[in-house]
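Each of the next two complexes has chain A plus one other chain: chain B in the first, chain C in the second.
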Partner chain A sequence: MTSTIEHSTVSAPALGGGIYRRLNFGTALIAGVVFAVIAWWIAHSLLDSDGRGFSDQVMVITAVGWVVGFELGIGAFTSIGKWFTGRDQTHADEMYLAGKDAGQARYWRFTTDHKVVGVQYIVVTMILLGAGGLLAMGIRTNLLSPGNHFVNQQIYNSFLSVHGMLMILALIVAVAGPWANFVVPIMVGARDMAFPRLNALSLWTLVAAIPLLLGSLAVGGNDMGWVTQAPISNQSGVGFDLFAMAIITFTVSTTVAGVNTICTVLTMRTKGMTLERLPIFVWASSIAAALGLYAFPFFLVVMSLNISDRMNGTSFFIASEGGTGWLQENLFWLMGHPEVYVILLPAVGALLEITTVFARKPLFSYRTSIAGMAGLAGLSVLVWAHHMFTTGWAPALGGPFMVTTEMISIPTGIIFLVLLGTLWRGNIWMRLPMYWVFGFISNFIVGGITGIYLSDIPVDNQMHGTMFVVAHFHYVFVGSVLFGAIGALCFWYPKVTGRFLDERMGKISFWLVFIGTNVTFLAMFVSGLRGMPRRYSSYSSIFEHTNAVSTIGAYVIMAGMLVLLGAVISSWNKGEPSGPNPWGSKTLEWLVPTPVPLENFEVLPVITEDPYTYGEARTNS
Partner chain B sequence: MTVTHNEHAESGHHEAPEVVDGRQRLGIWLFIGGDMISLGALLFTYLYLRGVNSGGHWMSIVGMPSKGITSAGPDTFTPTTLVEQPMASGLNWLIVLVVVVSAALMWLGEKRLRASVNGRGAFRGYAAAATVTAVVGIVLQVMQVRNVPQYWIQSNDSALFAYTSYGSVVLAFGISAIIHFVLLVLLGAGLYVRAGRNVLSYEKWYQARLVRFFWVWIAVSTIVTAIVVTLLNTVH
Partner chain C sequence: MTSEKTTTSRAIVTIGILWVLLTAAGVLVSIYATPWLMPESASNTMHMGILTMIIFSVAAAPVAALVYAVVLYALAKWRYTGEGIPPDGPSLRANSPLTMVWIIGSTALTLFLLVWGLSLLASDNSGQGGANEMTVNVTGQQWLWSFQYPSTASTQNGTPVSVSNEDLYLPVNTPIKFNVTSKDVDHGFWIVQMGIKINAIPDTITTTEVTPNKLGDYDIRCTEICGLNHSYMTTKVHVLTEKAFSNWLAAQPKHF
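Entry: the complex of A and B
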């Protein structure tokens, strides 16, 4: 290879330096499979096949083998190994890891450049959304008419569980993954994330989790729903073990990513980038990351205990042996509700960023919006029991939890007012990203207000476990977070590719997704109000029409998402060139060249003004 | 946002060690914060199960001691209510002592490393001692985990091994501790090797402090766990 480099004018990666420079996604898959098979064989050989939870133990050990092998195969442990042997990375190693002169190959390997990791996250998010969306189509097709058996009940339940978890994972990373990686370091004036290797580790750990989650479908699935309700989860097959191991793996990924984001923002800001000059998206990402650090350890613990009950004979959640299902619910929702805001805040931050740029106005009440986000995060850790109003757990606490849940509408309303205040009398430039902002405003009103209904105990007693709840949280996740994620994609796409996302296809996509979302979930509200329970694969004929409408709406959403996918792919190389700052934005990521150089800035900038000093003439694209 | 270029700004590859150290310090504290939440979740589990004492089964179980099973198998046993005693606290506190000593050794080693240019050899000695002590902690912790009583219980038509809910949480604490102690051993061994290769030295001691932070946190978490498990174990 050395001679090739010497005689070639084309930049090519220098492959010297040992085996770790030959590791990539392919070697990761091979190593993952090999280690999984070895782990499976060892487990089969050493464990007592008549013992309690033998199958679960084998499955968990196999999953661990897969993750370890995959990480070894991608090169995630190379730096750690070098640290232990006292042979730290050289500058050449660092440049290799950063993907210097590596061309497209850097997207297929353990690359530390935050922009590459951001693009990798875009692809991973699309895969997660695509897989979760296909399962949603399966679910909705099954519910097209009463007694329709597109899939059997066991598969239907597994579809529900895996769809739920895939979408939750997708939305957790949908904004924070691509954009907290790609733009946040540039926005704060840094050359990279605080811990570039941990950054790549978080991405590839997430990638390692996906086959576990999808693989759970192949080994019987998890028919307990995404909340993995105990003690009934003990009755699920080994698919549950893979499902839980996927979550445990994911919690490692997201914890690492959260630490990295916070450290980057707190310690790597360039001179003059005070906390009061941080773009609002940076605030949103940081608060979400901090909230994630609080929430996800609960996820790790509850899944570990769930697996332990299945394979070790422990009794955390088994009432007949001294445990209680309420413990599982508490631990799960201690994570589960803050997680909603881990998902929501980055999307809101991105939409606020878009709004101020396209309304050509300073962000309305910058400090208040930060206080609103902090208030959301703070209150979100005090509301978890509203998910348990109907379970009989601690009825005396119902009132306080109802109040805290209703109080959370205050910071939410504040953020909403900031958004509207920024739009108010703005010189609004209706380009593609703004469509998603207006879609968000419309949908989030519905999702938010129905949440206030459900926080009320008497209403919740009627609505809990119905399709009304499903419609509510889909308005929040699809109608709000997904809209925020797509808006962010449309907004920052020119910075990633140097080209505009096809405006015409993007608008077609918007209208399809917007109409589809409202058709699907408004009809679902009606199903819920009529009393249709959630998680049922078959239903009474009185719910037929609303379900048919919901299914048609879901197909329309899927069509819109496919159009968006087409736009993303076709615009990547053939879109209209955008230049470095097509929107005339004033935040730092738009002031660097496109494509962004390896270390972002030739010399680090010094910031002397706030980020949103708009009001001057608009820059045309 | 007005931007001026700072010609004197330093490249990312030439950051002062103090700058990198500050960043890594924040990172390690955040990881420790996450670990604190995990420990908090386990403590919540322990106190919750003890508090609700479902069916009076916090420390009792309907079954048969696992050691009572003969080659005839579990089919022959008649389930009775078995009451467990809290595990002996001596081993628990011995583990605490070992981990505290281990953390102290690492702290002393770091002090010696920072104190003089000749401190590297002493640091290696302390790091080795701290690492060996952590290995002892692992051995003791494994012993404790193996001592958590297991029972045969009837479940539908079969008999299965099970732990009481008290035993379950003690087991979880134990396994969590083993995982953390293994991390300590790896970090201690890493520091020992790095000091030997002069990567850690009088001028470059920052990583020793980062590891010490984690080491001390593990010692603190072991103390907290021991206090809870030994003082708050019975229902009444």
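Entry: the complex of A and C
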């Protein structure tokens, strides 16, 4: 059975096909605000204004109103609404939803085409990174010199919380959002994701979460850091309620997206695309998505219980009333450590893909690399309490958690083996994406090794809660994951736009970000080794020089990111044309035309070998 | 075929030399830079912590050096300088012996780190719990520390001595057990030069132990974000001789 769509029979959908064809980002914003105001008014009228947690109740209900209004306004529920009222989607409706012939407008509305969703994710990621980056600049400026008060302590602490969470959200979606959407369906030979409408839903749910997170700054902030540790999170103002509602909304988005990725890979592969012929990026994205399905429910639960303590008078995390803050920490880190690998694995997968193409070599040890990534994912669910070595919780479990944590270095070593083995005797083509691969290798070895110190309890007793930890995870998140995300962007940019990302600006940006990252976070290691705790707004003069260096380095990173942003924008329409397969890659996404047509393939391909046949004399491709 | 073998063996020899040089540099930096970068040590716990940092760095040096050696060699020698898409490289899909050696090597290294860390963890408290152990109660609150010392029959007539918003005084070479709690939110009780840290949690008592082994003044810093003045929640530790400590304790006013 073939399922080729006959494009010619579908005319451009005319406006007037019902109100839902007029819905877009603008109507979503309006509906969101209107619903939020209505929800606020209802909460104020009906609830007991003298009751415990009244302001939290109002804030949470308002946030729910915003999200529901936004989803209705974007048209997320119109299809299911029609189905409930007994009307099926017509073919024209489906084509409208997929954004057929809609031009630029399809990027501003609920569009199901996975390539549109991918591009929307690129923009959302850049917004998240930009907002989080500005807050980072605020933090670093405040730390430029001892006793510097660029912002007051309340704002500083709020900046810490929101910077941390914005960046975590940004990195969770930085590779998986754009590329598991844009590239994975084509890589497996599918016409779209398994659930196109859920795909659009996950994107717009993420968009709905961002104003809540930023809004928490506007309503007084929250001064507990991104880990939202109880009881400080209970002491925080209503800013915390918006913060937590943003995360609850976000977990819905990632769960929907994760299910979609896994179902697409499991059920939508074209003929001959066996699991052993899947590109490694598909494996990486799927493993990360599966791990996310395990991790993010804890995120939802920990935030819900925390809100409940504030607004309903429960006491899950309140020690004086029978709960315990240790429960909060356990739940948070049950999410928090797997989440690191949800973030890391897609970046690693993208970099491995880039390495094979630019070294002109097959992926070294394909099966071992899958085992390595699966090993990372498997172990990562067993290590969460290494974040709690100094909290006093279950000292007897320190040893076992130290064992599981240090074992993670074995699968991490496999990732390095695969990278180096793929580079070995290759003909390395130093185009822009490859720069970020080498940057990643250099930074990830630093981030990885410094993690081993922290896994050792006697050392962690000294280092926990210091700038050493901050520098360690920034080497992983900035030095490794962000490098992977930018490498992926440079690599797949020609497929999205039909043009190269400006090579010269890209290389300038690489050197600025690479040097900035190492200057900032090497100096931060020294601050931590010398004894500077994290989350300090002001510090002793003994940390003066290293902090000044970190701040300057942070500005250099910012400059590099601005150059990159400039390159992304200027190359979008004016870059050098690339053609459909500029890198000579063998994965399917490069074998379809650019721009990729709706439904991707004229005829679904039949796969006879994996995409890593570099240096092998074969006729079939 | 022979030329391919020669290039490979030349690569291996060059990378090997680079590896040895980088490892040597890494080992030297580990041994000399680590203690220089870290605070001075005022307890055996801290001493062992610094030693562990050095040993782990020495163990990590060859790993990092190998990665950098291969990467630098690849950048120098395997870089394609022609125009356009380079020709394919050799089809090296796997190398089982190398993979086995790599996995066994990294496992052995991990086991070494684990054995070191676990035995250190087991021996960490061996000097503690003796008859001469002194208990100090530590209470954190936004944003100061207070300390309560045991009663000593000769000086205090059974009344513990409490000191609020003041420095901590400890006798040298005496095992100390800290019972730590908080009045409001979580705080982190960290004696920087003694390598101990434990959270102060409301309605909960957590404990940590250390034996100061050096006279002098050291730092306490809060390591859990606790609100506005988190960065100012610092105080000093003064380690005194046992006699000076008894005199200091006797001079303290009693609190009820």
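Quick note on the criterion: the second predicted complex is superposed on the first by the 602 of 621 C-alpha atoms of A that agree within 3 Å, B and C clash if a C-alpha of one lies under 4 Å from a C-alpha of the other, contacts with A are read in each partner's own complex, and residues count from 1 in each chain.
In this section, a residue touches a chain if its C-beta (ideal position, glycine included) is under 8 Å from a C-beta of that chain, and two chains touch if they have at least 3 such contacts.
Remember, predicted model here, so these are calculated numbers, not experimental data.
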item	value
Chain B versus chain C as contact partner of A:570, first or second or both or neither	neither
First, second, both or neither for A:531, with chain B first and chain C second	second
Contacts of A:194 with chain B and chain C, given as first, second, both or neither	first
Chain B versus chain C as contact partner of A:588, first or second or both or neither	first
Chain B versus chain C as contact partner of A:267, first or second or both or neither	first
First (chain B), second (chain C), both or neither touched by A:609	first
Partner chain(s) touched by A:225 [first = chain B, second = chain C, both, neither]	second
Touching partner for A:324 - first (chain B), second (chain C), both, neither	both
Touching partner for A:301 - first (chain B), second (chain C), both, neither	first
Chain touching more of chain A, residue-wise (chain B, chain C)	C
Contact residues common to both interfaces of chain A (with chain B and with chain C)	319-320, 324, 326, 613
Chain B residues touching chain A - in the complex, by the definition given at the top	1-7, 9-13, 19, 22-23, 26-27, 30-31, 33-35, 37-38, 40-42, 44-45, 48-49, 52-55, 57-61, 150, 153, 160-169, 171-172, 186, 189-190, 193-194, 196-197, 199
Touch list for chain C against partner chain A, complex	7-8, 11, 34, 37-39, 45-46, 48-49, 52-53, 56, 60, 63-64, 67-68, 70-71, 74-75, 78-80, 85-95, 98-99, 102-103, 106-107, 109-110, 113-114, 117-118, 120-121, 124, 180, 184-186, 188, 190, 192, 195-199, 201-204, 206-207, 219, 221-232, 234
Chain A residues touching chain C - in the complex, by the definition given at the top	153-154, 157, 160, 223-225, 229, 231-232, 235, 319-320, 324-326, 359-368, 390-392, 398-399, 402-403, 406-407, 409-410, 413-414, 416-417, 420-421, 423-430, 438, 441-442, 445-446, 449, 452-453, 455-459, 461-462, 464-466, 526, 529-531, 533-540, 583-584, 612-616
Of chain A, residues touching chain B in the complex	51-52, 83-88, 91, 94, 190-192, 194-195, 255, 258-260, 262-263, 266-268, 270-271, 277, 293-294, 296-298, 300-302, 304-305, 308-309, 312-316, 319-324, 326-327, 330-331, 334, 586-588, 591, 599, 603-611, 613
